[in-house]
Amino acid sequence: MKKKGVGMACVLHPSGNKGAGDPSNAAIQLKNDGTLVLLVGAVDLGQGSTTILRQFAADLMEVPIEHIFASNFGDDFAALSAGSFASRVTLIDPHAVENAAEDLKKKIREYAADLLEVHPDDLDYKEGKVSVKGAPDRAMTLAEVGGTAGCVLGLGAEPALLVGTGAWQPAPFTPHDPETGAMAAVGAISFGCCVVEVEVDTETGMVDVTKMTQVWEVGKAVNPLLVRQQITGGTHCGLGTALIEDSYPYYPDAAWAPENLGDYALPTFMDYPDEFLWGYEEVPHPAGVKGAKGFSEGSTNGPPPAIMAAIHDAVGVWIDQYPATPEVVLRALAAKEA
Amino acid sequence: MKQILSFTLNGAPVDVIVTATETLLDVLREKLGVTGPKRGCDNGDCGTCTVLLDGEPVRSCLTIALTVAGRQVLTVEGLSPDGDLHPLQKAFHEHGAFQCGFCTPGMLMSAKALLDTNPNPSRVEIREYMSGNLCRCGSYEEVVEAIQAVAAGEYKE
Amino acid sequence: MKEVSYFAPTEVGEAAKLLAEYGDKAAILAGGTDLVAQLNYYEVKPAALLYIGGLGLDYVREKGGKLVIGAGTTTAHLLASDLVAQKFPVLAAAAATHGSPAVRTVATIGGNLGTASPAGDLIPPLMVMDADVILASVRGERAVPVKDFFTGPGETVRAADELIVEIQVPLLPGKAVFEKVGRRKAQVCSIVSAAVRLEMDGGVCKDARIVLGSMAPTPLRCPKAEGMLKGKAVDAALIAKCAAQAVAESDPIDDQRATAWYRQKAGTALVGRALTKAAGV
Amino acid sequence: MTEYVGMAMPRYDGIGQVKGQTKFVDDFVLPGMLYAKALRSPVHKGLIRSVDFSAAKKVPGVVGFVTADDIPGNRLFGACGDQQVLAESYTAYKGEDIALVVAVDEDTCMEALEKVKLDIEEQEPVFDMFEAAKPGAPLVRPDLKSNMWEFMPGVTTRVIYLGDVDKGLAEADYIVEGRYTTGEQDHAAMEPMVSVAYFDDAERLVIHTHSQCLQFQLGSLASIFDLPLSRIRYIGGVVGGGFGGKNHIHADHFAGLAALKFRRPVKYRLSRREDLLYSTKRGVFILEYKTGVKKDGRLTANYIKLWHDAGAYGGFSPYGVEKCSMFASGPYHIPNMRVEGQCVFTNKAGSSSMRGFTIMNGQFPMEMQMTKVAEAVGIDQWELRFINAWRDGDMGVSRYVVRGAGALEAMTGAAKLAGIELPDHLLAMSSRGR
């Protein structure tokens, strides 16, 4: 017999290392033609960190995004950054990009000030141009600044390497207080709510997730397409965790550990909820650039408790462990009957 | 025992020296430098190595190379020979139908095989057909949407 | 692995000669979905690969009241075949759960038999129809009932010089049903599977077959359970008893997919469901 | 000016991905490249008596072997600095790396591996963390004094508290108790672990990596290779899925060591089977909860005891116990909380960071508790969560002050999307204050 149930869960996810102390770095170089290269240390694992950091850089440098090439290829420079883990990049790296942009703009003003024969403080930077305050005609474009600094425009100009660098961390590392365990430094916390509908086959224990809704409060949705990907991705992982995946089926014993992706079964297209709804809310976070705080791992956290609550609603048993494999569900049902 | 294997790869004839136990995936990746098809499991479970053999999807990791003698193999590299993107490639990109992209070359080939045989698949038909291609980043929703968009004619060659 | 020979004969006779020469030192390669994975993981070390994809064994025909299926017929071919859909729909039902599309394009019915996994998806439907496996060798051909073909996991009565060339399926009357449960909903190896066929006359069962997959070292016929049905009016109570009996005839193990306890529980449910559908009660 | 932050746009590097042109680490095939495979412990716990390579050496195509004696620098690595790069005298989990065989291709490596004569004395392993925690239990590794991680010298329980949990439980009208187990999962990124290493024209060691955290791993690798940081070009940035699994070094150290020894390009990769069986995984937590609540639904106390199975080496597990503890009471204001966490070694592959790292292990039981609490009190579960959800200025167990709270907003949004009507008095609530 198939029985239906509904469940929900409200969960959190912190961004950044506990105790902080995890810096990120960025650099922006002005090329001779006025285009920009953004170097970041955040590794793009597919989450799209390079894409969003380029979006930040375009806004901060006030240039069309096509003028920015971005790289996370590591090598010598980028390896300075802590990396991509702990959902930290969207909270931390934009600050590094912001500092790098401010540094580059300062250097551009200083370099252009000599050429325009004014004090750097008398120059405005706006929309990819430096201009003298009150005299907008006395201006240089990024292409003119870059070309001059690279000695490809104008004869006899002083050469310069115009690279802005930036670094940032949420707070210096603080250890736990040995007595209370206190550790006040936390980067930011995001929040999610997951609502699930299931059908439980009471004779085989199979659980079918017929509908899932996940909404995350993300501070600022820097790129809604990628926000969606993080929610659908966490749903995949959370659903597998809740119902299917188990590296030690006879835990704590190590016997029968699955050794291929047929037995360590990941959810397939067919296991994904028949109906999936997603959404985000924005409460700008004071610690983030434009309120952004990251959340991406968090979407994994909601499905397991929401699914178990739905199973309970459907068949009246609590599955206090995951994964709720068909066997686990059937054993719980058998225990209830006994 | 080494033999010369001749087949058609992405429209062009290829001759390559192979052993009996080398798979099509081994030959493509290690000998011909065609690294679009990925090595994800060597066991037929993950689908990242999916290519089309005479138009049908196969696991190149489970295909003994010598068995493709005289046949047509299409990999992701052959989807857009002129540099223009295939409609599926465009749709996958714009719909965000991947994150890390490791499953994408196989996913695209399965999607092509699906639309070649069933130009207007339903949502459930897409999910059934694509169920042999795993994506750990969890882009299934986006893949379904991208395939639907191509089927609906939203992307032209 | 470098010294392995490769043969791609185009006639059964040629293949049989090679098998006579190499015996169990040759690995027979059809779709490769099991063999090549084993080669990739260095689990088998044959002296030769004998590729039988060129033997013309990919066919489905009706002949003399039987459905005759070439051993090289792919699962995808079975699924696309109108003959299978009309005459042997339970095979199509099982085929639809077999692997994934890119596996079904190459995996063959002969390979599913030869691999001899207790979880082989296509086997229970063949067994409920009393199908025969046709083996060919230089010594001639012989037919072996599928129910007698398996001797253990990965083991069959096929002699080292024999090749599975054909499956002959008597088109027995009645309704057959296939059920399967795995850890997920697609591309999954069965934890338990069951196929049944019931020939009904009114509400009375004239003939019955019950076969369990993944419940014993080989796919398993359950004769005592079948006997409970024959000549009886089939109702829910009898189905429940019969399902329990079928499982009592099995000998499941604990493994990475589930425990024997679960297999018994779910197996009982699957047999019950299949019988209910087949009996139309 | 166009504002790009907030705009939906496809991935910047997506065209290469859909064309199959993106170069993942395993896509690098270099002229003259050698391959390495690991000799692994066949037992869950063992003492290595001897390793004899003489027969393996004769296999045509074998170039040589790498053992711990070939390591120029640190022989230990990992976040806790306790993991053997290559086992010397003991192994602590099945599959632990003992040596590398290096050859012209992987087939040859595998043939040679079968001919290595490993004499290893199998010892009694311990898998159950409660057994491992008992005094007198067999030690997971010979270098341990006990199987319990010490957060500080002599301290095997990490205690974090706020308020007075006993008082809070005494004030409660209902106390809901539960015990939960969060199972073990694999990252199962579609790209298995792999690395390619070689020396460039300037004699710098180049490593193509799928690392998630170049900085940490570069430091660790430099200490293993005994090379200055500037002598290593660590090229990453294209990763076929990480999910936390690639926060550990799984391949770069071996490709690098083999390249150092043989001065040729080397690829080292794990088969999917090796990856599933022997790489790090999300470790098990077992958690006991005691949650106190007033009749009106206000939470008064949460008392949590948790145990984490670290596997054979520390890795990120002690950190994970603390991180789990800090957030295991969910997004709720609870005046009295206490968490006691322990981290236990067992003879399994090491535990690891994985998507939702240790947070999901705490959110799961807490949300189960919340649903049970709602049932016990007889209050709607949405209402229970709305009443207790964090507002700005609330404090977590480790005394962080909540800013930018958004649990109410997430719940309101989800209810609306899911078609669940919430009463007006809940919708009127704000995360900005209570």
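Order of writing sets the labels: A, B, C and D. Residues in every chain begin at 1.
FYI, a residue touches a chain if its C-beta (ideal position, glycine included) is under 8 Å from a C-beta of that chain, and two chains touch if they have at least 3 such contacts.
Keep in mind it's a predicted model, so treat the numbers as computed, not measured.
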Chain pair with the higher count of C-beta pairs in contact (C-D, A-D): A-D
Distance between the centres, which are taken as Cα means, of subunit D and subunit A, whole angstrom: 18
For subunit C paired with subunit D, centre-to-centre distance based on mean C-alpha positions, whole Å: 42
Centroid distance [mean C-alpha coordinates] between subunit D and subunit B, Å: 32
Averaged-CA centre spacing for the pair subunit C and subunit B, given as whole angstrom: 29
Per-residue multi-chain contacts in subunit A, two or more chains: 45-46, 48, 225-226, 234, 237, 257-258, 260-262, 266-270
Per-residue multi-chain contacts in subunit B, two or more chains: 40-43, 45-46, 96, 98-102, 128, 131-137
Sequence positions of subunit C contacting 2 or more other chains: 1-2, 41, 185-187
Chain contact topology (line, ring, star, complete or other): complete
In the complex with subunit A, residue positions of subunit C that touch it: 181-189, 191, 254-259, 261-262, 265-266, 269-270, 272-273
Subunit D - residues contacting subunit A, complex: 1-13, 44, 94, 125, 127-129, 151-152, 158-162, 178-186, 188, 209, 211-216, 218, 230, 233-244, 246-247, 272-273, 276-277, 281-282, 284, 309, 319, 322-323, 325-327, 330-331, 339, 346-348, 353, 355-357, 359-360, 363-368, 370-372, 381-382, 385, 389, 396-407, 409-415, 417-418, 420, 431
Complex contact set, residues of subunit D against subunit C: 107, 110-111, 271, 273
Partner subunit B, residues of subunit C touching it in the complex: 1-6, 8, 29, 31-33, 36-37, 39-41, 48-49, 51, 53, 76, 99-103, 105-106, 185-187
Subunit D partner contacts - residues on subunit C that touch it in the complex: 1-2, 41-42
